[in-house]
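Here's a structure for you.
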């Protein structure tokens, strides 16, 4: 049990710190974005509390839940991990569904980053016309279905879209991006890169059509970046 | 009387601090934006002084006025709340009109934030094509009339537009956004979210038409966010 | 002479500090923008040194020149105002021409701020479609002629354009904005507001035509802002 | 040998520090950009380590390689310059090819800066329609060929494009800009200016066609800036 306590403490600190990457890269305003991490080997996850501003985050405020998004305490002594005044992010159900259904995923990020959300508003996938997009996404960034918050619809849309894609990012229609990674840092990186390519390809298309890249070359870039290059 | 002094001191500190959210999110340049708050239970409001840069703001510089925008001192001893050298913001009349005519409003914000003002320059309301816009605004962000500064025209335009809308934001034609809230922090949040959705929907529309969201789904999002979700 | 020494010291400090407004508002990159001030009552001006980055500016590095741009020392003892290793900004001739020919001008600013320069690249004046533009500029922001650096061509283009305009800003064709003010702070404010309206009107026009404002209303806004409002 | 040790230490510190200009001007996200410098008089170069975030850079982490990109240690005693755990940037081969084939080049920079990369995605050179572009680039910023990472293709594309151009910047198709300079600071300046002109000309073209500048005038600007003006 002590090892689990240490692990949860470490993950809470990491999840807390990763939110500063969302603000650094301008992916979020007010409280509208969140990072979570799986607790490896346990049916637990750690996620941002709801409605707390990024400036006010601290490791001890990160909420620990089971993989159905129900907050849990560490043991019978009250409140070891619990924060009675804090709820987990309103997006917790979507994160939890991903962890339940994609066992290799160790981190999930959700934002409304501007350019990615603009593609999502049109329901238009982002074509792979940049070498850095080949590296990171291995092809287009796909669109997920329109889904209302409140049940598993969003989580299902994420999982069904990503399980058929190289991409660690999905743009949920009219909503915004969700990204996954083997750990929360990789999911944050995917969120940062998703917005960057969403922005660059948008700007490229404002004045004409970007030149396509052959899928064989995209595959070569992606394979090298993910394997040879050691990521 | 002592309780009122404490209340005014607290509100001055809060109004002063909230201006840093306007600069943090890039909603204002130079001195062109202001936050105000009602003093609950009194016909008083607190507002930014005119022409003072955001770096130089301090709680004691916030101007206390009546609900017609006339500066008041705390008591007969001179200058308790007054700053003889400072005038209230040149937009004070508009804020004051809102407080006189919308008794549930506890905070008002005015900016010329870029994308919201661009929609205002075309006199075009922002369509509700994002789930976060459904949450916060419950539909389109409406346009208010063109009105010159100097009398109650701007205030009337704000009130007449907002009283028929779910939205806490109105885009005054050729001018810029005004937002309201039950307290000044909520009004600032609305100003931040207004610019964010103005920007995202603008960018979405640059390359095509965003997909509409059914009003029933917008109502569901708004109702959940305002009620079930506890905001 | 001692009073002049004090005055020059004060102006050097002010000119130095005002450059931080150019970086704060993103009007300049690298070393590509400069502020100058007239030394009132003397045929002297103070301007940024050439090629020094904004981080490295200090009051004592500001260069003092006569109104033909020739560096001067304060007295016979060498180097009181002079910096033997520093040249005045390569744009000094244009600033100096303005001071020689517009006696009410106390400050001049030059930048290549992005949106203002984009209008300049098309040789297209910015129409007055925002109330804040009526306040500050009293009408359109005009275009000045294409002029090469190296003689008085740029200065002449600035003066000939601005003397027939309410605007304190001119967009020199294919080059960028120059702004003037009764003092250097007002010239910096004009540079900040010029970029802000250049950006906002650009964005408004990307999706349609902004609604015009009658010139009578623009005159009313400008008159109030410049006179009644006490600027 | 001691002089070389001192030189390498100085260059590592300079290369490390110059990366902060890439983040200051928003040219890079995550770890996607790098600066290198030649060690003058030696077949050595210094470059950013692979996969290290900009916040974590320190002079001692900069990797020293030969001009084929192979990491070297300073002497027989292990690890004087080497970092056994760090690899040089994945773009090292391209930098090294430039140093081998352009003996006057002392610094190379690679980014995926947004607007420059957008032009690269369309394979469209940037026309010279700004005086600051005449100064710095002496004409258009050219496009280099599409090239996959993994051999000398990228380096060859850079060299073949730049040896026929005034420009210190090349936009590699679907990839992003590479810039060169007589020293690494000049290469960084070219990267900053490349993004600035890419952005400004993009924005100018969004609402019409920029006015061309005669090549004779561009030549005059470039000659003055590079020679008379003393750069």
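Lettered A, B, C and D in written order, each chain numbered from 1.
Here is the rule we use: a residue touches a chain if its C-beta (ideal position, glycine included) is under 8 Å from a C-beta of that chain, and two chains touch if they have at least 3 such contacts.
Here the structure is a predicted model, which is why all the values come from computation and not from measurement.
With respect to subunit C, maximal separation of chain centres occurs for A (centres as means of Cα atoms).
Counting the residue numbers used at the interface between subunit B and subunit C, under half appear in both copies, so the two copies meet with largely different residues.
The centroid of the Cα atoms in subunit B and the matching centroid in subunit C are 32 Å apart. Look at where the CA atoms of subunit A average out and do the same for subunit C: the two points lie 46 Å apart. Residue positions 206 of subunit A each touch two or more of the other chains. Of all possible chain pairs, those that touch are A-B, A-D, B-C, C-D. Subunit A contributes residues 29-30, 32, 90, 112, 114-115, 117-119, 121-124, 146, 148-150, 173-176, 202, 205-206 to its touches with subunit B in the complex. Residues of subunit C touching subunit B in their complex: 25, 129-132, 189, 192-193, 196, 199-201, 203-204, 206-211, 213, 217, 220-221, 224, 229.
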